[in-house]
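Each of the next two complexes has chain A plus one more chain, namely chain B in the first and chain C in the second.
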Partner chain A sequence: MPDAGARVRELRALESLAAGRTAVHRLHPLAKLVASLVFIVTVASYGRYDFIRAAPYLFYPFIMMALSESPYKLLLSRVLIALPFCLFAGITNAILDTTAAFTLGGVTVSLGIVSLATIMLKMYLCVMAALILVATTPLTELTAQLRRMRAPSVFVMVFEMTYRYVGVLLEEVRSMIIAYRLRSGKKKALEMKHMGSFAGHLLLRGFDRAERVHAAMCCRGYSLKHIPPARRRIKPSDIIVMLIVCVPSVLLRVVPLY
Partner chain B sequence: MLRVSNLSVEYADGTRAIEDLSFSIEAGESVALIGANGAGKTTLLLAIVGVLPPIAGEISLHSSAAGPDEQKNAPAQAARGAVKPELVLTQRTGKDTLRELRARVGVVFQNPDDQLFMPGIYEDVAFGPRSFGIEEAETVQRVDAALSSLGIAHLADRSPLKLSGGEKRLAAIATVLAMKPDLLLFDEPTAYLDPRAKRNLAQIVSGLPQGKLIATHDMAFAAETCSRVLLIREGSVMEDGPRDILFNARKLEAAGL
Partner chain C sequence: MHMADALLSPVVALAADAVGVAAVGISVARVKKDEFSEKKVPLIGVAGALVFAGQMINFTIPGTGSSGHIGGGILLAGLLGGVPAFLSMTAVLIIQCLFFADGGLLALGCNIFNLGVIPCLLVYPLVFKPIFRTAVSYRRLSAASVISATAALVLGASCVVLQVMLSGVAQLPVGTFTALMLPIHLVIGIVEGIVTAAVLCFVHRARPEVVTASLAGGKLDGIPVKKTVAAIAVLAVLAGGALSLLASKNPDGLEWAVEGTLEKTAAEAPGAAAVVPGAAQADEQSGHPEESSTAGALHVRAAGIRDATAVLPDYSFSYDGENAAGTSASGLIGAAITFVVAGAAGLSISLVKKRKREAAGADA
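Here is the complex of A and B:
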């Protein structure tokens, strides 16, 4: 199992990025949330062979990362986690759809390959947009804004709890692995015969720990139904930035440039 | 200030954790809750704030200013907002009352890692006031005051992962103080602390003006911080009296200690 402690640190690093003070961080959460949602929906709406048409959207993550001073390495490494899933989804297209699309330097590229590339590009853009949003907006502000927008409370809770408890679960994995290694002699990895018991204990311990953290949150006023008041009003400058992202994104999708 | 009357609490599997338990705490009073492992100390603390609902009995919280003299002037004080309304927690208590109760009773958990769940200490201390809808300017003021009063203002921008056990404990207390509670509940506050950190904590806890209920196995800490002792066994009160109980080996042994 990879170093769970490192995963916890990465998760916390992403959270600590949200405490930055750049212009992007200072934007109202509503503006960032709407801009990200419009961007993601627009990108996701492209067809399976629209690689070239979707390519100009690559500017967005790079511009936002530069403006928010987010570390490229950290965000890109997070995107790689989603890579295998998209690869599995797109690889069948590459194998089954062998119709020639175009020839590049004497090599014929099939529609299946174009489709695979488009899926990968769309995945990259959508995940990056979501990561940039999380890296520039504190989770509490984000979920509070979702509640103010009357997003389904179950959706907000799942988002909040998953984000909060992934760290809790990883911390439990770390301490269990340390305890296992200290008593397992020369064996470095977890043995298959112990996997079931390990996973069962992890589930129960994670559940127990999550209950305690949840109790601590409730004791300090956390409530699913409570809609927190806005800490500040949205300003015209926030709306302008939101439009700067939304309008070109939608225009690029609606008006075919090539 | 706090009155617990005939309280009974059951776990989800039907185990009776607290049985017909009654006691009260006056404003500013410090009470040690002593009992063996599994006696029901943590369960009682969680029941007081409604995390574990009672199956019988009630818990009531009066305003900290509601002494005999103040009670005469209660209507006038209530009109000025000086006297907070009495809150009663029973089986059928609504969510609004529960929320109000949690704003007035702060719980410091045994493991500070359970309590510190935000990326930074400042955010963590601000979590309570923000959840209760306190204005941002006042939240900032409260967070600064809570951190400064415990001498940990320099930790505001640090991650909880980078703190020592003693620092985490103080940060956990700050998260509760920022809510300006009338009553503080401590669950094993000296757990994971070295002797020096314990002494420091005892000084800090003694200096807090709120009423306190401190569940602990640490007799020296209890003797230093509390004037009264509540000895419990199997979810029921065995003894309720002055701190001399802490030095009575026969009574402690009878409580399973």
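Here is the complex of A and C:
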């Protein structure tokens, strides 16, 4: 059974990373958001065999990780989650496309292998860009930025609530699974016929809890209509950093160097 | 079934993102109309978190020895109603993408469409709900869950195939890809449907009002579900059309698909060839069930044309003849050097930072 506790720890680990105080963390969330998106779009726009042209983009994750003091092991383990589906598509490319691309030391490398490598590289770059964004920006800042960008408050609140309750429900699931295992002779997984009541109880408990919490919030004056978007000015330095990421990314894509 | 950034071309991804944003916008407007929306928001959040936590609960599938987990839009829709379920699913997908690297940031639109729009805004109102015209019973609840969960998953999987094919990143023939994806998702869908039914039946026994209210939701809130669906479809077509016109100017991954439609339309109406490909493209991107059969045929055709030409005009210059071997090998060495330099840059920054910290520590 996947370890619910491990997932909680994963979530916490990213959250504690986001609470860092490096220069990258202090950047305006909008600058980071725009830089990440431009980076991802340009990387994704590379063609099937553009392994070599996409390689320089590796500077971004490496330098950002170093600047933000993020542990590369933690982020790398996250990248592995995205691996299977891409690997599946990539390996089928490698099998199907056997046209020789070039020979390297006597070994012929097929176009399929090149495209497999390209997909892997693109996957790594895109996933890292997203991970670096959340590892350097606390969620509250991201949602505040979303509100400033006039994202509908109902949706932003659904998002925040879901995020908060993921942690709560995961803890709950963990204790429920432990209880189930202890009473069922340490079964590895639930029996399918127990799923209904297991998940159902979890949900109903969650509903009750959410209602109580929301009532308590309302008692303290919380209302969906009156959430002022937190003010934070974007500074010239934020824009400069944003341009340092965006301009070379786009230039590299548009101007063919080799 | 989460789509990754690396498997999509930006045009397809951005078109899907536009559709996703539009669907969220419409849904928010619908939820806001509901008087009790503010009270519902925490419940929407909890239900989304349940889908998330549900992935941690493994159960054994009788007779197979393998295991599965719950998850999915149909369960959420059964608990909350279609439109709130869609919002909740979107939030879950964003969290999965940002914090667990499950699906990419650029691919969000595709994932929202495949796993959110299809189950919550298409299958739920069109398949799940009509089963309860008369009354809610366990048998109906079970049948509705299994049928809709299977339909939603199979439709979603075919859209994944469609989007990857449109992007032109993977090389698998459409037929093989579909043949690989669909049976797996059919089985997963049936299992998911059974578990969804179990959960919904339990909730209905404990709190009948939750399930019946969500079923009545569409009518009570005055949410014209069909209008919503139509609006999203139109937006999908518009977004796809606009973006694929852009793409045809600067052809990338979409090139061969556009080429295919061009040939087809050129044969039918030579004058309209310049305009029609965009629209034909959009039809495919909307991933609408009614259109999927024609889109499939189009793909087979386009793939045939691509295989017949198979020159890779954009890239062929670096792969023809002996010179290509030299350029590519040296390019590879260049890439390796880039990797090392980038790594060294990162490492040296970390080292300098560490020194500074240590120096600061020593001073203190």
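Structural remarks
In the analysis below, the second predicted complex is superposed on the first by the 191 of 258 C-alpha atoms of A that agree within 3 Å, B and C clash if a C-alpha of one lies under 4 Å from a C-alpha of the other, contacts with A are read in each partner's own complex, and residues count from 1 in each chain.
We take it that a residue touches a chain if its C-beta (ideal position, glycine included) is under 8 Å from a C-beta of that chain, and two chains touch if they have at least 3 such contacts.
Since the model is a prediction, treat every value here as computed from it, not as a measurement.
Of the two partner chains, both chain B and chain C are touched by A:223. When chain A is checked against chain B and against chain C, the one touching more of its residues turns out to be C. In the superposed pair of complexes, A:93 makes contact with chain C only, with no contact to chain B.
Within the superposed three-chain model, A:164 lies in touch with chain B and with chain C [touch as defined at top]. In the overlay built on the shared chain, the residue A:41 is in contact with chain C alone; chain B does not reach it. With both structures placed on the common chain, the touch criterion links A:18 to chain B but leaves chain C unconnected. Residue contacts after overlaying the shared chain place A:213 against chain B and chain C alike. When the two complexes are overlaid on their common chain A, residue A:138 makes contact with chain B while staying clear of chain C. Comparing the two complexes, residues 164, 209, 213, 223 of chain A contact chain B in one case and chain C in the other. Those residues of chain A whose C-beta lies close enough to touch chain B in the complex are 8-9, 12, 15-16, 18-19, 138, 140, 164, 171, 209, 212-213, 215-223, 225-226, 228-229, 231-232.
Taken together, the chain C residues at the contact with chain A in this complex read 2-10, 13-14, 24-25, 28, 31-32, 37-39, 41-50, 52-62, 67, 70, 79, 87-88, 90-92, 94-95, 97-106, 164, 168-172, 194-195, 197-199, 201-203, 206-207, 210, 252-253, 312, 314-315, 319, 324-329, 331-332, 334-335, 338-339, 341-343, 345-350, 353.
Interface residues of chain A facing chain C in the complex, by the touch rule stated above, are 1-4, 7, 10-11, 14, 36-37, 40-41, 43-45, 47-52, 55-56, 58-59, 62-63, 65-67, 69, 78-79, 81-82, 85-86, 89-90, 92-93, 96-97, 99, 101-104, 109, 111-112, 115, 119-120, 122-123, 126-127, 129-131, 133-134, 152, 154-155, 157-166, 168-170, 172-174, 177, 188-204, 206-207, 209-211, 213-214, 223-224, 258. Listing the residues of chain B that touch chain A in their complex gives 46, 49, 51, 95, 99, 102-103, 106-107, 109, 111, 113-115, 117-120, 123, 127-128, 130-133, 136, 157, 159, 161, 175-176, 179.
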